[in-house]
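For reference, chains read A, B, C and D in written order, and residue numbers begin at 1 within each chain.
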Amino acid sequence: MSDDAKIYGLLAEFAGPDELVRGAREVSKAGYRRVETYTPFAVEGISDALHFRPFAVAVIFLVAALLSASAGYFMQYYASVISYPENIGGRPLNSWPSFVPITFEMGVLGGVLGGVLGMLLLNRLPRYSHPVANVERFRAASSDAFFLCVESSDPRFELDRTKAALRHSGAIQVTEVPLES
Amino acid sequence: MLRLSPLSSMKSLPLPPQVQIDAGGPRFWKSLEEWSQSPDFLPYLHREFPEYASAWDNGMSRRRFLKLMAASFALAGLTSCSRQPQEKIVPYVRRPEEIIPGKPLYYATTFSHRGYGKGVLVRTEMGRPTKIEGNPDHPASLGATDVFMQASILGLYDPDRSQTIRQGNDISTRDAFTQFVGARIEAHEQDQGAGLFLLTGKTTSPTLADQLQRLHERFPKLSWCSYEPAAPVRAQSILGHDAEPVYDLSKADIIVSLDADFLLDGPANLVLTKAFSKKRRDPAADFNRLYVIESAPSITGAKADVRWRRKPSEVITFTQQLAAAIAQGVAGDSPEIRQLANDLQQHRGRGVIIAGDYQPEVVHALAFQLNQTLGNIGSTVTYQEAQQTPIPTTSLPDFVTALKRRAASTLLIAGANPIYDLSPAWGFSNAMARVTHSIHLGLYDDETGSRCHWHVPGSHYLEAWGDILAIDGTPSLLQPVIEPLYPDAVSLVEVISLLVDLPPKKGYEIVREFWQRSLAADVPAAWELSLNKGVVAGLSPQALSPTPVVSVRDAPPEDLPNSSDLEILFRPDTAVDDGRFANNAWLQELPRPLTKLTWDNVAMISLATAKSMGVTTGDVVRLEAAGQSVDAPVWIQPGHADGCVSVTLGYGRSQLGEVANGVGFNAGLLRSSVAAWSQALTRAQATGARLELASTQHHFSMEGRDLIQIETLADYKTDPSQAQENQPNPPPEENLYPPFAYKDYAWAMSIDLNTCVGCNACVVACQSENNIPVVGKDQVFKGREMHWIRIDRYFEGEPEDPAMHFQPVTCMQCEDAPCEVVCPVGATVHTSEGLNDMVYNRCVGTRYCSNNCPYKVRRFNFLEYSDATHPTLALQKNPDVTVRSRGVMEKCTYCVQRIESARIDAQKEMRPIRDGEIVTACQAACPADAIVFGNINDPASRVSRLKALPRNYGLLADLNTHPRTTYLAKVTNPPTAI
Amino acid sequence: MDSTASETAPILPPDLTDDSITERITGIVVKRKMGYGWIGGFAIAFALLMMFNYAIAVLFTYGVGIWGIQVPVAWGFAIVNFVWWVGIGHAGTFISAVLYLCHQEWRTSINRFTESMTLFAVACAGLFPILHLGRPWLFFYLMPYPNTMELWPQFRSPLVWDVFAVTTYAIVSVIFYFVGLLPDLATLRDRSPHRWQRIIYGILALGWRGAGRQWSRYKMAYLIMAGLATPLVVSVHSIVSLDFAVGIVPGWHTTIMPFYFVAAALESGFAMGLILIIPVRHFYGLKDIITGRHLANMAKLLLATSLVVGHGYFTDTFMSWYSADPYDKFITADKFTGSYAFGGWMLMILDVGVVQLIWIRAVRQSPIALFFIAILANVGLWLDHFILVVQSLHSDYLPSEWRMFYGTKWDWMTLFGSFGLFLTLFFVFIRIFPMVAMSEMRGLVHKKPGETKEAGA
Amino acid sequence: MAQLFPPSVDLYAKIVILGIGVFLVGGTYSFYLLNRSPYWTNVGVTLDQPVPFSHQHHAGELGIDCRFCHASVATSSYAGMPDTQTCMTCHSQIWKDAPMLEPVRRSYAENKPIKWNRVNEMPGYVYFNHSIHINKGVGCSSCHGRVDEMPITWKATDMTMGWCLSCHRHPEPNLRPLSAVYQMDWTTPKDPHTGQTWAVERNIQKDHLTDCSACHR
């Protein structure tokens, strides 16, 4: 429909986290896929309701950690065996026990840096402006309001039917999200 | 084996009751104060270490510190990211023939001290003298040096040297002075020199003697007095002639020292040390035995196999008893005398009795008699006629009375400092005040100089022409190795020349002309040779005239103080001598051999005496003697004789220089005469004040650790390797790491604890070779002295009368060095030849290496210690060694600069480095040849052979550091009876 | 005392709602006026900080010689302070990471405190290794970077390990802190009254909107970070302890070091946590959010760690006797009988003895008592490091080189000055960031009473 | 009302973040380059000298041997800067009154040295010895470049520690027949073995060359 294009989606507010989870389940049962919830804290069950698993983050952490750990060891090996081999107190050039601590630290550092950056990127952060914020009431989403938004780009999205579906799923209030404020 | 570990010796101690009460289990004694826990000592328990109050502030307010600050401001904010400033190259206009830029040159000249000469070789770098070495061709040096010779190089550059001629309070000129002297000559032509007074130190210069004779011919009535504040006593009045003993210790199996510190003091110390140590090098071969009877502990006493402490008067009675025992063969009731007499009787002709230079005449006479009756004269000792003075001299007292009689109109003082040396009782200053024209010639415008109408800067011996005799009479030349730093500076011969020559001559002409007359036929050649060798060629030392046997009258009734009295004895200081070196910072900061004290002189007493006086180390006491009194800090010294106080001369300077002024007290004030070396002490009472004393070693005992391995000769003969077997914790055999291969060379060092006499020569030699800074009393007090080689001193046995041991400790150059592993920037790493390199320019100063060094030989520049404020001092620096800046760690490098230059020479000739080609600074200086350096990859090298000896052991080898420097165990030779 | 003061108080007041939390916590930051108490406290802290700067200026001008260090005691206050501050920096991450993994919900009220404490403590700690250098302007020689000298750090040295460990710890702590802060920043963005506040917080919040998918990735990341931070906490102080354990100095060269260093670190951390939280909850009326139960739990952890430390002392002493190593035996005997005996005994009394009072319920429930016990414990732990560093060094192998160490006034100024830095940062923190992790609190609020686990140590 | 940030902000945000990234990487790299640039190392930088002395003319065109002026190069650590007398040996005969040489004549007359600006500069803690390099067959041009082509002398190599090490680790390629040491246009032979054989027969201690104390004392 033509008028659907003008709005970003429908923002439904729910009374509390449990209502939200229930609502989310129903909405996705109804076959909506481009659905997102907005909550002041991590509400348990949402990701199940939205059929979402954050594996990617875990993988990024692992890979980053392993890479930077091995880089850490190689750095030490290169410095003390290849670049400038020196007799230090009669120790072997590749005194690997001495190289363990730094290898470990590098692993942790790389893992955390990579993982967190990955998490932010996957979350498309930083993103300072977002259509849902065009709804004045949305400001409460960061303190005590629980929202669910069905985006207009969803194939099944039809303004009135979706509105009805949302109300039916327990939303206490449904507002249209304009694209431009 | 009888060897006492401190622990077991403590068990054997009669401990004071307080100690026994709280003594749970075995007790170490940490320091004397702790050991003697009587109520009046308890407050001072912590005094083993410096006090807190003084350590609170960093002493920035103190004088020397300010100097450092000024320098460090210059470096503040230095970063490594700055580009280098544009440098200039300044080539010669006309390059002198002999100088190749970058290559050092060596010149032979002679260091003169108390009127006698010791030959030296001076290294000059593009015209500036930087290092003193001994002259092997000179009979009084034999290639070795003592602390004074080493430190004299710093004296040359001393910024406090006087630089211009002064008349009254105005700067004057050479011409003005010459005219003035001319006028004086005319005046004295009339009175034939009756009003001409000449006061000098002792001198044996042939040229000067010749000049004096000519002077005497010109002014027959002139009076000349020459004195030394530290002149040896001779038995002239008793023996009827001035007999100069010359000892040959290479023949002596039994050596008896009657309070003679012959290893450290006197014009023959180097010769005697060499001979003495030669007979202690190989326990398997002949091995001498040393008896020492002394009041204040000396290094000679420390080397003694049998040491008896006696106060001065008792030394005399002891000698008398011994003489009696030997003469009448009646063994007295004292076991010591009997024991010693036997030993001497058994070694007739192979023993020697050495009377201390500072003993009264009677002791010398008796020593002469003993040597005579024991048939030692001619073998171990010869008496030679002492140098006859060229012209009649006036004794000091007569001289002073003459001055007082207003007879003087002209007084020339050179090389003497009566105002400082003599106590006010002499009234020398008012005598001087009456003189109409007084002239002072000296390196410094000192206490005496400032009272003279004229002061003429004297030239340093490295700047002047001259000549001098060695103790055995061998003449040698002084040649300048640098143009006088200050053009006004003149030498004594040049000043005398003003009086006797018309026109006056330069030093070179004077000396050259004298030898022109006295040298062998081919003068130019002989002259060249003499300059080159440092010893006047073609002259054999004058034959010793064996003196006729003289019977000694029974010792005259000496007015000995009765035994209960407190006595005081004076000695020249082991570092600043009679005060002439008081402004030499190296010597001021040189830890004294037995006290490890720096920057001060003290009133040294025994523990018992301290208890009876109710004082402890650091308490200031007022000493009164000969109508004078001085305030002196007490120092309790193990092994000091009871009932006497020993003080050293040379301190309490008021007008010498920045370094010397206000340091210590002037003990000379208490002397009744310049020949008085011991006398009764009127009173000594605590003032209640305290003085912080900066000692570099606070701990006395070895804590039962196996640091110095000691065994008796008897034990050694039964089982040479006993010392190692008795180690409490032997070194582990296995090593976790695969050994590194040292292909070409493996540098190593061996230090023989048996021959080392602890004379400190190595310490100063190292300091001058390696640009080691002086840090000042406050910093030493905080424990920041910088010496790369230190001589550890330990006491073993009873605190009252312990055995004393020396152990020179340098960087051990460990093969598995703990310091290297912990350095985060690789500023200290191992070389392919086993050196433990210290890379100053990489060091960031974490000081971790120092913590991890079990030998604590690393030194840190806590502040900007290298003196940037005095330009002349920069001239002394060795250009082959980096001058370390603030915040950098440093340590002994085995004189790597010498290794590298030797390597480069060898490599140019495409040959390996020869054994003995590299001589480290400490090794070169050592008069006992206790230090040997070389390549242990070469089994034939000297060091390899020494390390193969059974006595060889590594310090703290149980830590598996594999030190490259190892020690040869100490072997003592006590008589079986004791 | 009211119910919240007892150690059995619920970890949350029953009447708490999303809105009330948000209102109270954000209120402190964005609405509350600066009180005189805050200004006074800040002034004192800032004065100390200025003294710190002065001492450092003098230090850089003259060199480390202004301190009391010498040979053999070449390490002094700088290292002691470093070790002590790093230790304090440990409790924060421990509470947020380890307790998080253990689902100790009571941590939620205090983890923001302790995390910020961590950051500031590490900031202080990080300064000292550089101040301690003889040539601080060359500190970068310890970092690996390609240079024209073709030289690298010497990676066998524990000091280089320190550089990596402490840097990693600092960076990870900051990230951990920021990630935890992200949702609360969003809250501040939306709740601040003034536009400029909203813009500033808005920029920091990176546009966080609490979308479901964001939340689940966020939780995953937070969980893994906690998992990584836990071994990190242990490793960091273990590595610091290796500075000593790797050395051959008798008294340092023992395998117990990492174990008891970590324990000591946590003890000092929990102690410092109490020192900070007790006054703050009082002055900002958070007694119902940070209840007596939280304090009691902290206290119990303090007690537990102090016992571990005590065990460390015992083992250390026992081993030195058992090893029969003469040098180690001597240094241990000297610790209790020698020149430093006072410190040797005092540190045990303070960081183990006094802490045992926590066994008493009354003490556990009295914030005042806990406050002072915590202070004494921290003094004791500083002494502990002092004795470890100084007393071990002052008489090691060669008696000829034994010496006493005395701190100069500059030593003390750098020590107390570092408090200035720490407190200044902390005063600023309570004004600009929420003291309690609001988003997590909300999570707790909505837990069914049954779900809330029994917290306790 | 409008939300806090308009959509454009996101663009700016991305630009800023990118900018920070570029600054960090680029800044580091440019510092890396700076340290190796002539600005830092003075390679190829000419300094104005009291006398515009031309090695090109003297060493190149006239073919005067290096040792004529740098006399101690084979015997001492210091190559030796010619004293004024050396200059005057020739210039008292030729170019007697060339205004260019006025400083030289003045120096000779007034006995005041000529103050040259140092071109090849070593830090004080580096102990470089010319003689050993000459005697082991390291040619002048290996470090100083083709001075015979320099009208005004400049620094030919950066003389960083890394540069020193490159040769101290593998001296072979920089060795020559001892006869060719002073030869400017010498080129290393293709065959690597020649260098190795020289290294062996001149008994060069390769292990020692990378010891710290070989250069720092």
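The rule we apply is simple: a residue touches a chain if its C-beta (ideal position, glycine included) is under 8 Å from a C-beta of that chain, and two chains touch if they have at least 3 such contacts.
If you're wondering where the values come from, they're calculated on a predicted model, not measured in any experiment.
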So, comparing C-alpha centroids, which chain is the farthest one from subunit B? A
Between A-C and C-D, which chain pair shares more contacting C-beta pairs? A-C
In whole angstrom, how far does the Cα centroid of subunit A sit from the Cα centroid of subunit C? 31
Note: subunit D sits from subunit C at a C-alpha centroid distance in Å of 53
Taking the mean of the C-alpha atoms as each chain's centre, how many Å separate subunit A from subunit B? 80
If you average the Cα atoms of subunit B and of subunit C to get two centres, how far apart are those centres in Å? 56
The positions of subunit D in contact with two or more other chains are 4-5, 10, 165, 210
Where does subunit C touch two or more other chains at once, residue-wise? 150-154, 156, 160, 189, 202, 207
Would you pick out the residues of subunit B that each touch at least 2 other chains? 818, 821, 826, 829, 831-832, 842
Applying the document's contact rule, which stretches of subunit D touch subunit A when the two form their complex? 1-7, 9-10, 13, 17, 165, 210
Subunit D partner contacts - residues on subunit B that touch it in the complex: 83-84, 86-95, 100-103, 743-744, 829, 831-833, 835, 837, 839-842, 880-883, 893, 896-897, 899-900, 903-904, 907-908, 910
Touching subunit D in the complex: which residues of subunit C? 146-151, 189, 198-199, 202, 207
Could you please specify the touching residues of subunit B with respect to subunit C in the complex? 46, 49-50, 52, 55-58, 60, 69, 72-73, 76-80, 697-705, 707, 728-729, 779, 782-784, 790, 792-794, 807, 809, 818, 821-826, 829, 842-848, 850-852, 854-856, 858-864, 886-889, 956, 959
Enumerate the contact residues on subunit D facing subunit C in the complex. 4-5, 10, 32, 35-36, 158, 160-163, 165
